[in-house]
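Across the two complexes that follow, chain A remains constant while its partner is chain B and subsequently chain C.
Our next item is the complex of A and B:
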């Protein structure tokens, strides 16, 4: 990067240096001088609305706002002069003129920026004698979201919340209505909000106007302790603070307030699923079935039964399958892979989320994928079938900021118009499963234009040709198209200077778990060229159990039953096993079938490192007081040594895991070749036929508010459950299906009844259904997220 | 899902025409709201929604602008909209007294409409004419340096005008 010119200035007598363009608040903060702010926020564009940051600059006639004034050469700034002190006191007095100061019953109390600034910079006494503004109950305490609490009387009109909504969330849901003393924050006509990044307005509100409604009146912040953790509910793997009360119970989850770009915000799933692991369905005690009787035990007593079970598994080497999912830390995955291969001596190591293109992506892009910084500095972002708001909201957050704050050009491609399409310059309709074809025709068009291309397609070609720094982001569906897609996108990226690629897999620590545990076809540290001819995908295991060649199964992770496609078939297969050992944080039909079920820590109690989709290495400390038992890594280490392995400390596993990752990164830059043939994927090319007869492409995924069992397990997000089939309006009209009508959806020989919601945001011939809105029995026919299915819609389905 | 139109063909066309006049669609918002109010008398939620759809901007943007300016009404108003400025300068020169005078005189409260549908009384923030305070705006006309007496004359002439 080019050197940015620096300027010298003096703040309160201290001489300092800062790059051009840095704002005075920031320059002062760096040398330890605190200038109070309300409207200013490090992740928002400056506004200058509240005036609390007024400072005096030598030779300037008036006081200026430090949050909007950039540093200048030779500037002499006073932040504590008599004029400044007096002005700030005045501002505080005015802000409080209409403020209720009901701190004793305000949830913000104790972490309230208004409270703090008033104490530090106010004059301590008000001269106002008038009656304060009081919104009546209709407006004072509006219910704008099921998970937020809203008390407009406390608002100081800093507009942080509305700017977050526009610049960060990208929703434009809330705004300031009216003016003067009637000004209030609301939604259009007080409609309820349901956004994927819900709660960030509350996070930035410096007062108790918008607060987390799920914990209202539950506790006071000074009783709570923040524990650094990582959210494993999607592959953006955000850093979190899990707050526990005096009894060690988890009371809320917030974003860390650091200066890094990745922080400050969380999505609704991460924030409001905090109670998902607190309920009835949590597996707290282990169960062991011996001669038909189930015995229960605590995790601390699980070592002996587990050792016994593993000995049984190891006896018949090769007849055991080890299945893991991505809600585990790198260290846990590493140990699972090692125990499978060295103790159980089996080649069958199977990740539940195995997108066809995943290993190929890892081989080519580990450590080279786009980072959050790349997204924020891109001038062009291309989203290829990437419903980010649904799949990984916080990666969508970076895209929104790039567009709304930095002016990046955005184009979207795919069978669905997403949240981001509405802020993009154009959307190019492209059939599901045909992302590779799109990328290949884009590469072609870069060399010679096609005459029959659509206007949108040509716009994208122009934009790519003119870009200085491009980021291409693809979602889980293109990833499921397999290695051919990865090769196509690599080739595109190599033809555009300064371009970066990011693929967003389903799951949590999907990348890390795959790199550390590998699969039957791929042993970590050796790469995909080493084939052990073990099972690599869950279908293989299922078949092998049915054939009788696999007799034992070890399942490790969290919420495992959710990831087993075709549960009824699995259930029958499991009955044939000699041993079924399950390590899970949740109780399910699966754990009740297990010969041994061991309770483990949950998605925010766990300990270890996580590799996010953006390539960041995040650490969860596992320090939450009320967590179940010890961390799985420590459990597995003990187990390994009991079973004859060497003793090893957790710390040394951590460093081995890091080295292994570095090795993968160094290898990815050498661009290894795949053995699989180029045409193994991406054949499902079609623009859909007649949705009535030939069937539609059914796109499935986890909708955020309805996301899997996790959101259903918590008390808060489950209320949003909505099982409607999103259908193209024109298709619906052709079939005479009206909005809200019930239809039957037929997939194979199974049927499910759903309500239709018609929309122009989905391609003709396609439908979308939130997988997690269906019960496990109903979704037994689903072929895994990422792959479009063919379904037939029968109108007039019974309710 | 698209909601049903509440506008006439003409009104829709006018708004689209206004939109075409500006490089940024949002710039057409205030003229568009004036057109809607001209035809419908006040701004209903569905009208605001339709303006948002026609201009391609978020509905909350329309509601923000529509509620910021006191010249836009959100419930049915009388034939004459009497807007009394109660901001600082006008208040110091009697604006608030004028408002209570009118409340008494018309037998209605701030924001209400007389039962004959003739007058709607609205206390408003700055009308941008502090140098002539106190100021009262009746429909599109400004009346400056207003006194109680002047107001009474105005009202009765409007009343008799309305009868004719």
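Our next item is the complex of A and C:
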């Protein structure tokens, strides 16, 4: 990066240097001078609404706002002169003129920026005698959402929330209504909030106007302890702060603040689904079945029964299948992989996710994928069938910020129009499962323009040709298309200078778990002498159990039953097994079938490192009080030493895991230099169907902010489930289905009845159904929630 | 030497004729000062609504960690404590809770003696504390004629007084000129 010109300036007598374009607030913060702010936020564009940051600049006739003024050469700034102090006191007094004195009941009390600033810079007394502005009669305490609490009387009009909604979330759902002292923050016409309810407006609010409604009036901030953790619900793997009360119970989750690499924001599932693991469905006690009798045991005593079970598994070497899902930390995955190969001596190590595409992606792009910085500095972003708002909202936020704050051009491709399509320059309709065809035709068009291409497609070609720095993001549906898509996208990326690729798998630590545990055919680092003919996908395991070649199954992860496709068949298969050992955080039919069920820590209690989709290495310390038992990796370490392995500390596992990752990264880099696979793309047959002609495609996936079965376990987000079939309006008209009509979907002999909502945001010939809105029985024939989105063709959908 | 002895005896004799200050306790109740800090109670408004809004300030200020609060939202949107417990064995009767209370909800009464046979009985629940509010305490807001601790409250200053005080501040006057 070129050197940015620096300017010298003096703040309060301290001489300092800052890059050109840095704002005064930031320059002062770097040398330890605090300038109070309300409207200013490090991740938002400057506004200058609240005036609390007024400072005096030599030779300037008036005081200026430090949050909007960039540094200048030779500037002499005073932040504590008598004039500034008096002005600040005046601003505070005006802000408080209409602010109610309800701090004792306000949930923000204790972490309220307004409180802090008033205490530090205020006058101490008010001269305001008139009646305060009061919205209570009309819409002051209007209930806009069940998970957010609104008290407009407390608002100081800094507009952080509306700017977050526009610039970061991209929803534009709330705005400022009216003018003057009647100005208030609300949704248009006070309708219920239909946004993704991420709660970021509450997060940035400096007062108690918008607060987290799920903990409304439940506790006070000073009783809560923040514990740094990582959320494992999607592959963004955001750093979080999990707040526990005096009893050690988790009461809320917020984004970490004041950290370099963190994004300061969280999505709805990260913020509100913490209650999922507090409910009845949490597995708290282990069960073991010995001679037909089920015994329960405490989590702390789980070592002994686990050792016994593993001894039994090890006896039958080679007939055990180890299945894991993506909600485990790198260390846990690494240990599982090692135990499977060294102790159990089995080649059958299988991830629950569909991983052919992922494996290929990891081989080529480990350590080279686009990072959040790349997204933010890109001038062109291409979303290939990536419903980011639904699958990985935080990566969506980076895209939104790049578009709304940095002016990046955004183009979307796919069978659905997502929220990002509305802020993009063009949307190119592309059939589900045919993302590879799109990429190949784009490569072709870059060389010679086709005459029959659509206008949108040509726009994308022009943009790609003119881009300085491009980021291509693909969702889980293209990933499911397999290695062919990865090859295609690699070839595209190699043809466009300065381009980066990002694939977004749906599940939590998918990348890390896959690298550390590997799969049957792909053994990371150690043990090259392991047999190469193990099962590699769950269908293989199911077949092998039914044939009788696999007699024991070890399942490890979280929410495992949801990831097993065709559960009834699995259930009968499991009955044949000699041993079924399950490590899960939640109670399910699966854990009741298990010969040994061991409770483990959940998605925010776990300990270990996580590799996010953006290639960031996040560490969860597992320090949350009240977490169930000890961490799984420590249990596995003890287990290994009990079974004759060498004793190893957790820290050394962590360093081994890190080394292993570096090894993968260097391997991926070498693979690029070889250029062996670069031009093999293009010969593969298309996997996409022909929507409209073969019938209506049913796209299944999870609705907004629902990972695994979270919405079915937690009360907060469960209330927003939308059980309707999204259908193209033209299709619906053709099939004579009206909006709100009920239709029956049939696959084989199974049926499910859903209401239809017609929309233009979905491609003609496709319809979308949120899987998690279905009951467990209905979900089964779709193959479990954890399955990547696939297309199912329904003929004669209406009934 | 004899003079000193006589001097001393005269003091003794002096006290002999003064009225007795020793109380016949426990046969007769101990008379406490009007500002005595005894057993707490939780006050109500004239309408019968509890004053406590569960702000947790008393719990926070309590040096003995004697107060336990759990709170929730009522259907009408107001805040209230679902649980308000004072562990009277832990309590050191410093009166900070009463000081910190923004609603005048927790008040230290003048009850000195409240022994029990078990420790468990010394943990006062919210219902017990509400029931302890004296009869005369109801219906007055802020309570003026409290027989238990009449001087316990600082009379709230009227708004006009506050603004008068501000006007009298010398710096303000200078600015005005």
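Here, the second predicted complex is superposed on the first by the 741 of 799 C-alpha atoms of A that agree within 3 Å, B and C clash if a C-alpha of one lies under 4 Å from a C-alpha of the other, contacts with A are read in each partner's own complex, and residues count from 1 in each chain.
Definition applied: contacts are C-beta pairs under 8 Å (C-beta built on N, C-alpha and C of every residue); 3 or more make two chains touch, one makes a residue touch a chain.
None of the values given here were measured: they were computed from a predicted structure.
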item	value
Which of chain B and chain C A:303 touches, first, second, both or neither	neither
Touched partner set for A:129, first chain B, second chain C, both or neither	second
Contacts of A:104 with chain B and chain C, given as first, second, both or neither	second
Contacts of A:178 with chain B and chain C, given as first, second, both or neither	first
Partner chain(s) touched by A:223 [first = chain B, second = chain C, both, neither]	second
Sites on chain B touched by chain A in the complex	1, 45, 48-49, 58-64, 67-68, 125
Of chain A, residues touching chain C in the complex	104-105, 109, 125, 127, 129, 141, 216-220, 222-223
List of chain C residues in touch with chain A within their complex	53-57, 59-60, 71-73, 77-79, 102-103, 159, 162-163, 166
Residues of chain A that touch chain B when the two form their complex	172-180, 187-189, 739, 757-759
